[in-house]
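In the part that follows, the structures are each spelled out as structure tokens.
Next come two complexes built around chain A: one with chain B, the other with chain C.
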Partner chain A sequence: MRLLTRAALLTLLALGATFLLDPYRNYQLATATGTFVAVAGLTLLVGLTGQLSLGHAVLMAAGGYGYAWAATWVATAVEGTTLADGAGGWLLPLLAGVAGAVVVAGLLGLLLGLAAARLRGPYLAGLTLALVIALPAAASTIPGLNGEQGVRAPFVPVPDPLALLIATEQWHAWLAILVAACAVTPLVAVRAGRAGLRMRAVHDDETAARLAGVDPGRVKAGAFVLSALAAGLGGAVLAIVTQQVSPGAYGLGFSLLLVVAAVVGGLGSLGGAAIGAVLVTLLPWVVDQATAALPADLGHRLQGNLEIALFGVVVIVVTLLRPGGLARLLPAKARSATSLPAKFFPTQ
Partner chain B sequence: MRTAPLSSPRSVGTAAVLGLTTATALSGCSTPAAAEVPGVTEDTVVIGTHQPLTGPAAAGFASISAATAAYFDYVNAEGGINGRQIEYVVKDDGYNPANTQTVVRELVQEDQVFAVVGGLGTPTHSSVLDYLDQNGVPDLFVASGSLTWDQPEEYPYTFGFNADYVTEGAALAQYALDTEPDAVVCVLGQDDDFGEGILAGVELGLGEGEVATHQVYSTADQDVTAQIGAMKEAGCTHNVLGTINGFTALAVGTAAQMDWFPRWHVSSSGADHPTLVEYLGDDVAPVLEGLVSVNYLPNSPSSEWYELFSAINDEYNDGAPYTGNTTYGMSVGYQFAEALAAAGPDPTRESLVAAVESGDLKGNGIAPLTYSADDHFAHRTVRIAVVTDGVQDFTDDAYEVTEAGAVPVEPAQVPLENEGIPLTE
Partner chain C sequence: MERLVFLLSTGLARGAVLALFALSLVIVYRAARVVNFAQAALAVVPVYVAVAVTAATGSYWLGLACALTAGALLGAVVERGLMRRVPQDNPLAGIIVAIGLVMVLQAGLAIAFGPDHRPVHAPFSQRPLTVGGVALMSPYDLFVLLVAAVVMGALAWLFGRTSLGLRMRAAAFAPETSRLLGVRVPRMVTLGWTLSIATAALAALLLVPTGLGLDPHAADVLFVNAFAAAVIGGLDSPVGALAAGLSVGVLASLVTGYASAAAAPPAVLALLTVVLLVRPHGLFAAREARTA
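And then the complex of A and B:
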């Protein structure tokens, strides 16, 4: 109950904050929120069970494609019927799309999770890395994915009563925040509950966990599916915001950035995931602004390269100075509020 | 749950209340407001574009926006259009649709552009089509021949620049038949509207099912050996390519490595000889001899436009190598300047679009532009160009393409007037 109240308050706070931003910042906020959802799932997976996935971008893409298919299908189905009048015209495709994202990302996550339960460390990282590299080829081979061009998702217009008050970008930021709230709140609950404890147990010592009656395979697969669902919802958010899903958006660079966001924010910390997601969304933009001021020739050469170098530096600096990630910058009392109850860690 | 680690529920509550109060007080920052014409002031017009300055397509297309910028510098130095200087904001999208979405939002919301001009690429530009439409931003002269741009009902503000791919495909296939009645025609196309459009055009020219083999590549591919191998197997004599510059070079180069020298008939989007030479290197370049392509712009050293553009290129583009991209980029610039001049002394987004739809724009192509309220493409006539002794120049063959197919016509080059500065009324 306390968790739900806090979730509701934070969501309201985030919704209110969108009023402070101009449309472009709201667009950035929505993008960062989508990334946050995916990073939240990833940080839980890496931080709690120690499974390293380099391929979360593919799970996001899966969610995005799932969203685009389902939403387009429903939008075409309700078109011209009485359901399309009023809110149903955009709400039904939206809900169907989110459900589609959950199903597609969940299925892919389950498949990978089953493999993950049998693979250790670098092998899982290798498998997921291969997936990211295969995505463009898969997109041009699998008929429904439509190659480089990608799939379009229906536009979600601002509902009439709000149209005078807020712009499209702000509305999309609202939707992003709401989806994020629905996705991340369960993650918090899982992290603080029994399931989280089992994950930590498996991470620390599989044999000991097995002796205590915990099935490591099931726990690992479950954690992978959970983080896949979060990634899928993140992909759905990006599809809502940009009305497009294409393999170019989910390349290797982006996939590694998700890991960077999780590491920089602090593995296992959801607040850290938020910081990390904002960082990876804003840093490329800041770099772009900075290079635009340079002479054109030099600027073009730096563009796209400088930010990657910068991310490398950030990761090294953070790891050296704050091994726990940026989340450790927050007051210690604040951290303990979301971590496990003290009785689980009597000696710490 | 945005930022999980906050202390206690109570302080979160206080923060939330505080936040909401401030928010309500400041609300309106994101509220849609009716402003005067975005991007237009007394003495400037700001327009923007998205171009592949980095990434896989950069080598083939990065020089286009530089040429457009040089042409605008020339116009600005001559006093601009209706006393307004044209400010041209170029954003790099790396030919990645995800980046296009971001940079175009920047153009519209941050830079407040009047119009987007010459946005390059089919996959990239399709990803912002709806966004530009919803925001009522004129989306002029998209640098792609996808039929997507010609939907006046759905996208009233979007206009294509290139000859559409179906037109090009039909003309290339028809020319193959006209020069070699027993031609075995094959198609290699990009896996999007570009490749599909070229294929549709070739089928229009040859008849359904007459294409010996149809191969596809993706811009993410590293090589096209499998595709070229399959075409060689199929005994193709004439290969129609719906490929961008980099992949045209790759296809021709790969075939040469296999000791296979068929005829190449290439879309204007991937047949710029100087660019192809750059890709292949000078010692391999002779394989491009006899390469057939189509064009609708005055990209011929004998044209007076070419002469003017070369002079502008020397003066305002640091004498960058003159290629087909230079002609292309400057033609886009000229066409926009012409539209802006026709939009009247106080241009609005509506009057700009009306000027393009009026059909009064002539352009600088090998036939007058054909824009109208129900046709958002302007080049239905294309002229054949062939590489002879390392120089790509027009032949006297031109084709006008209608739904019935490609029909030979006489080219009717639009003459150069007023030193290439559009006249205002």
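And then the complex of A and C:
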């Protein structure tokens, strides 16, 4: 109950904050929110179970494709019927799209999760890396993915009563925040609950966990599926905002950025995931602004590369010097609430 | 039939490069117990050195020698300066630091040399030789096979027949005991990285003329395929890396020839998935792979 109140308050706060931003900032907020949902899933997976996935961009892409297919299908189905009048015209495709994202990303996540249940660190990382590298090729061989061009997702217009009040970008930011609230709240609950405790137990000592009656394979596969669902919803948010899903947007670079966001924020910390997601969305834009002032040739070379180099340095420094990430910089009181063992096994 | 022979023979040459790169992954895994995810980026840096030297002097062989030296130096510097300082309590830390290194190196190369593909010329003709009317491999493919065979032979001799190789193997398998017996274990780990990156650089240099050209991501697909080969062969086994590398190369060549170039990465992914699910420790590994 406390969790739901907190989630509702944070969501309202975020919705209110969109009024302070101009349309372009709202667009950035929506993108960062989509990234945040995926990073939240990834950070939970890496931080709690110790499974490193380098392929979460593919799971996001799966969610995006699922959203685009389902939303387009329902949009064409309701067109011309009475359902298309009023709110149904945009709400039904939207809901169908989100459901489609959950199904497609969940299925792919289940397949990978079954593999993840049997694999350790470097093997799983390598398998998911191969998945990212294979995505552009897969997009051009699997029918329905439409090759490099990708798939269009239907535009979600601002509903009439709100049209006078807010712009499209702000409306999309609202949708992003609402989807994020529905996706991240369960993650918080899982992290703080028994399932989270089981994940930590498996991570710390598989044999001990097995002796205590926990099945490590099931816990690992379950964690992977959960994380894939979050990534899929993140992909759905990006599909809503950009109205486009293409393999080029979900390449190796983006996949590594998700890992960067999780590491910089602090593995296992959902608040850290939010900081990391904002960082990987805003820093490229800041660098672009800065390099635009430079001579054309140098600016062209730095564009898109300088921020990657910076992120690389940050990841190395954080891992070597401050493994807790930025979340560890918060005051100790805020942290103690997240310490699971302390909650389940109070010290004398 | 002629097509099959042609695809098999070119696949063998591609497979030799793959096997060489997979071998470099095995060397560093045996020396330091890490899968080096930065291998592709580390291998491309010496290739840039080689291209610069070849452009300045006009000699391919001088470029090759400089690439090997640069690779060896880079391996030592990365191990001493970075990998040694990675916290050991978390097995993922090494992988994450390697990913950071990849981002720094590839972005740095793109900033320094621009993101475009640079054409790299092979020292021999790439036109296939025909024997009895059947197109076989090109002189360059033969050169690649020869170099790969020589390097693998040299590495096998080093690890199997010399005192240094014995010390390196001992340091990898039983660090504490080796230390007690007077082996300088940290030095052996550095040497393993040196050998590994030099081998990887050689593989990348051999690969580049057969592809689109040199760019910071030129070895990415090679790394993924070689990782698949190394895992299939068992990360611990040089013989496994050799056999699996050749097999993956031939498989990729056949899929490219009979289906399409786009179907090759999914085919390798499928093979890797099946092997990992059926025999997670590879087909050739003698004993249980270590945790993490």
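Quick notes
As a convention for this text, the second predicted complex is superposed on the first by the 337 of 348 C-alpha atoms of A that agree within 3 Å, B and C clash if a C-alpha of one lies under 4 Å from a C-alpha of the other, contacts with A are read in each partner's own complex, and residues count from 1 in each chain.
Heads up, the rule we're going with is that a contact is a pair of C-beta atoms (placed from the backbone, for glycine too) under 8 Å apart; a residue touches a chain by one contact, two chains touch by 3 or more.
Predicted model only: the values in this text are computed from it and were never measured.
If you put the two complexes together on chain A, you find that chain B and chain C both fit without a clash. Once chain A of one complex is fitted onto chain A of the other, the partner contacts of A:Thr319 are limited to chain C, with no touch recorded for chain B. Once the two complexes are laid over each other on the shared chain, residue contacts for A:Ser140 go to chain B and to chain C alike. Contacts of A:Ala195 after superposition: neither chain B nor chain C is touched.
In the superposition on chain A, A:Ala130 makes contact with chain C only, while chain B stays out of contact range.
Shared-chain residue A:Leu9: touches chain B; no touch with chain C. Of the two partner chains, chain C is the only one touched by A:Val46; chain B is not.
Residue contacts after overlaying the shared chain place A:Pro122 against chain C, while chain B stays out of touching range. Touching more residues of chain A than its counterpart among chain B and chain C is B.
When the two structures are aligned on the shared chain, A:Leu283 is found in touch with neither chain B nor chain C. In the superposed model, A:Phe19 lies in contact with chain B only, and not with chain C.
For the pair chain B and chain C, the minimum alpha-carbon spacing after aligning on chain A is 5 Å. Note: residues 137, 140, 304 of chain A belong to the chain B contact set and to the chain C contact set alike, using the contact criterion stated above. Chain C meets chain A in the complex at residues 34-35, 37, 82, 85-87, 90-93, 95-97, 99-108, 110-111, 114-115, 220-221, 224, 227-228, 231, 260-266, 268-269, 272-273, 276-277, 280, 291-292. Chain B meets chain A in the complex at residues 1-9, 12-13, 15-16, 19-20, 22-24, 26-32, 53-55, 62, 92, 94, 96-99, 101-102, 105-106, 109-110, 122-123, 126-127, 130-131, 134, 191-193, 216, 218-220.
Per the touch definition, chain A reaches chain C in the complex via residues 46, 50, 52, 54, 114-115, 118-123, 125-127, 129-131, 133-134, 137-138, 140-141, 252, 256, 259-260, 263, 301-302, 304-306, 308-309, 311-316, 319-320, 323. Chain A makes touch with chain B in their complex at residues 2, 5-7, 9-14, 16-24, 26-27, 31, 33, 36, 136-137, 139-140, 146-150, 152, 155, 163-170, 177, 180-181, 184-185, 187-188, 242-244, 246-251, 269-271, 274, 285, 300, 303-304, 327, 330-331, 333-335, 337-338.
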